[in-house]
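Each chain gets a letter, A, B, C and D, in the order it is written, and its residues are counted from 1.
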Amino acid sequence: MAGSKYAYVRNFELPDPLLPGTFMVFRLDGHSFHRFSDEHGFTKPNDIRALELMDHAAKDLMEQHSDIVLAFGESDEFSFLLRKSAALYNRRQSKIISTLTSQFTSSYVFRWSSYFPDCPLKYPPSFDGRLVLYPSAREIRDYYSWRQTDTHINNLYNTTFWALVQQGGESTTQAHATLKGTVSKQKHEILFSRFQVNYNALDARFRKGSTLVREEISEQSLPTTEELPPTQDLPPSETAAPSPIRMRGRKKPRTTIVVLHCDIIKDDFWDTRPEILSDD
Amino acid sequence: MAGSKYAYVRNFELPDPLLPGTFMVFRLDGHSFHRFSDEHGFTKPNDIRALELMDHAAKDLMEQHSDIVLAFGESDEFSFLLRKSAALYNRRQSKIISTLTSQFTSSYVFRWSSYFPDCPLKYPPSFDGRLVLYPSAREIRDYYSWRQTDTHINNLYNTTFWALVQQGGESTTQAHATLKGTVSKQKHEILFSRFQVNYNALDARFRKGSTLVREEISEQSLPTTEELPPTQDLPPSETAAPSPIRMRGRKKPRTTIVVLHCDIIKDDFWDTRPEILSDD
Amino acid sequence: MAGSKYAYVRNFELPDPLLPGTFMVFRLDGHSFHRFSDEHGFTKPNDIRALELMDHAAKDLMEQHSDIVLAFGESDEFSFLLRKSAALYNRRQSKIISTLTSQFTSSYVFRWSSYFPDCPLKYPPSFDGRLVLYPSAREIRDYYSWRQTDTHINNLYNTTFWALVQQGGESTTQAHATLKGTVSKQKHEILFSRFQVNYNALDARFRKGSTLVREEISEQSLPTTEELPPTQDLPPSETAAPSPIRMRGRKKPRTTIVVLHCDIIKDDFWDTRPEILSDD
Amino acid sequence: MAGSKYAYVRNFELPDPLLPGTFMVFRLDGHSFHRFSDEHGFTKPNDIRALELMDHAAKDLMEQHSDIVLAFGESDEFSFLLRKSAALYNRRQSKIISTLTSQFTSSYVFRWSSYFPDCPLKYPPSFDGRLVLYPSAREIRDYYSWRQTDTHINNLYNTTFWALVQQGGESTTQAHATLKGTVSKQKHEILFSRFQVNYNALDARFRKGSTLVREEISEQSLPTTEELPPTQDLPPSETAAPSPIRMRGRKKPRTTIVVLHCDIIKDDFWDTRPEILSDD
């Protein structure tokens, strides 16, 4: 066949399977989002449109991959947990990283105008992704505790910083100087005494980030969760369906993906959702 | 510091540097593009809007990474060559794969409406990417020969197939049967005798794919190349600039990226562009 | 400094750290030991001198690496378990694989004449080694069950095979034919009815392989274990000592390495030695 | 089949093929050889018995692997070059590293008593090994220049140091102090003026290390090379024989492995042996 004398170049494509039986965390980060948020006039310290757009792109990704059992996002990053037994793309690293990054990016750009109807994209934003393996549930708990602690630290800082600038009339240089060396309690006090802001009463979204999980659909309403626009526009789930063995004789309940803004450091979140860290 | 007791989870992020001194080929492929092209009414056998959109996204990627010295595309795939000495992102594999895939995807969605003004995107398309290392120039030559041979084989088949269907009135099943076992010469004859199509006179874009290279900007016009819409809307190149050592005392000529539809199997293309396979 | 212009070649040495928090199994196999055992007149089906030499080399390796908490051997192979928290050589893969293989090989050759005093080595024997990561205790249990089941299957086959040849007067070809398609029970019957051999009464070493563990030294004797020749001739343990944190305030009991020939498939072995699979 | 329910543990053995079309350098280093040489009374600064034993083990390794086309050793290390097209063990990294390390170690221990007839081994010595890929001939040249430069630097230092101690009556502390900050020329002068030693007249083995290559066997004698004891005792070459395609119609000359002590930094060595860096 024509071309076959060149086909040897495929031998340089080396296999890159990931270790079985481990949890995968896939983390996406916005690429140069400092500049991107400036150019597109994001509200400081938090732009609710931008955060909801991130949530929507994350939800799209979960719709497409049943192996993703949890996602946590803050600012311009999102961390997706793939179940221990996940077999998507035969656990080939490059395939997983590139596909998930592409799908998230594509959703983000595709849905931009729904969240920023008056602000057209000036240029195409991008993300980078990395995949980390964790052998046990303990490390997954600690990973998500690490991210949510980071959310808290960043948001408290940013909230105080922008209050000093926007309401306190300080320059950004002054505001950084004011906050230098302060501990958490002092920032709470600055917010309360100078700006009458009770930090703990702020929107939980900003303080706790966004946590996406699957919940069974029941007759009752789901009052703690938000509605995202429907996503009939997505292609059908493309990840290989669960294996026959796992499904046999088990009627799978219908689920929906919900966005929570709750504590995921304490045990309660995990105790009530044992399926997230299960071995299946 | 708060959160530090969880920070050990970062130890699970393992380094993934690529071997220095090797060429990298980064290949992108459309994900489920058979369905995507159907849903968006792509013209068969070739949709020029879709091909130009691919070219534009590829050009955007080259604008952002001076380490990319060549790109070749056909259908829904593109193969980018990174120079042997490329140091982008310290040659970290996941970072490169995820960033390039994301940037290409983002450009594709961002520019969609310029090429398909009457056909809004129904859902977000995606791509997967892989990175292959090649030690020597010989293998790079053979890699691109392999892709362009593939372009030729596919396009000849598809052109004949769709002539049988669209002009010859055959069903797709019949057309596949008609072509089964035919060699190249027979397909040329079918096209010529039954449909008065001289295959070699068809648009070189379809027969040769798209080859993107950098060319020095001179006073003369560049008659063999096409103009793509300007891309002032892109963020400035983000890859680390060439090292001072390499640049010292060498005035770098201004270059522009051009799209060619030429033979890249024979020596001529490469002999006239020695910088592509150079060791620098 | 002289030579520094060449030192860039070190940049091609890429890092190869193994995922933390996982068990490592290091398995050694004799290289072309079929020929080696023939050339050195090993007794069939089992040569106790050769097995004891393997055990001794394994014990030497455990003496040198406190991270090895278990070893199981049969025939010309040995599987070493490194504790989950093992940090030897910073978990660098090549360093671990090459060093352990070298140390085992060296012990094997060094001690050869103690076990084969009348049979000088005709040529230097060698081993290959591989390292496999397992995320959880369950897989370690199953790994060792796999190996001990293999021991049983091979030994039953070989015992029956060599009885047919040595006592039954069959050629090796005939013996293979006799055994073809037989199940376990039939082999037991051949041994018993034709050769008056009760398989289950054979030396446990042959039926169960060798299991090496550390046991605390107490006043009482250790009647279930064998004595190996003393190894004062080994260099002092070279693996980095346990970290100060792990040791603090814990008086480490003195231990010795013992060789057992017991069942390691059932729970009992593991339940009485919880330290083997512990997270520390 | 019995045991099959455990066989899934093999799925955790991941492939580790090395990039094709690259040179491999396999470097062995003695493990804790400072102590080992003390315990076994090695002559300072160079022990010819120990160096010849290293050479012999290296020669054994080359006998067993026709893919090894060059070896260079100094002190307790050896660097083996595998040809670009080497296919041994399908280029599986762990298999190559562990097997070569084991074979070298085994030869070293096996042949110890031939070189140290009056000094029995006190304990089993060991080596570690690493494998580095190099894409081009230029890097191989520089790699070996790096090693031979290192030989020169170390040997000049050690020769001067031990002259100060053994003949000059300095303590080792004093000798280090004497040499601190000296450049090459000064060391030559110390040797010459104080000890009447012309460094360049010392045995080339010490100054240049040992270089092993294959040479065609001809009628003429090979006056520049040394004879090593014959090695009929080695098992037959076990690496897969050269592929039929490469051999077809080419009568392979008979070769022998010779040990040289020559300059391998300048071009001459390489120009007269083009097969070492060839693409085949």
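One rule holds in what follows: a residue touches a chain if its C-beta (ideal position, glycine included) is under 8 Å from a C-beta of that chain, and two chains touch if they have at least 3 such contacts.
The UniProt protein names, listed by chain, are A, B, C, D = tRNA(His) guanylyltransferase.
Worth saying up front: this structure is predicted, and the values here are computed from it rather than measured.
Hopping across touching chains, the smallest step count from subunit A to subunit D is 1.
Graph distance from subunit B to subunit D, where chains that touch are one step apart, equals 1. Taking A-C and B-C together, the pair of chains sharing more C-beta contacts is A-C. Two copies of one chain, subunit C and subunit D, touch each other, and the residues they use overlap strongly: the shared fraction of interface numbers exceeds half. Farthest chain from subunit C (centres taken as the mean of C-alpha atoms): B.
Think of subunit A turning onto subunit B: fitted on CA atoms, that turn is 180 degrees, to the nearest 5. Rounded to a whole number, the gap between the C-alpha centres of subunit C and subunit D is 30 angstrom. Rounded to whole angstrom units, the spacing between the C-alpha centres of subunit A and subunit C is 46.
Averaging Cα coordinates per chain places subunit B and subunit C 52 Å apart. The set of subunit B residues that touch two or more partner chains comprises 12, 19, 21, 133-134, 139. Of all residues in subunit C, only 19, 21-22, 133-136, 139 touch subunit A in the complex they form.
Those residues of subunit A that touch subunit B in the shared complex are 2-3, 6-9, 12-13, 31-32, 35, 60, 93-95, 97-99, 101-103, 105-111, 121-134, 139, 142-143, 145-146, 149-150, 152-153, 184, 233-235, 238. Here subunit B touches subunit C in the complex through residues 11-12, 14-15, 17, 19-21, going by the rule given at the top.
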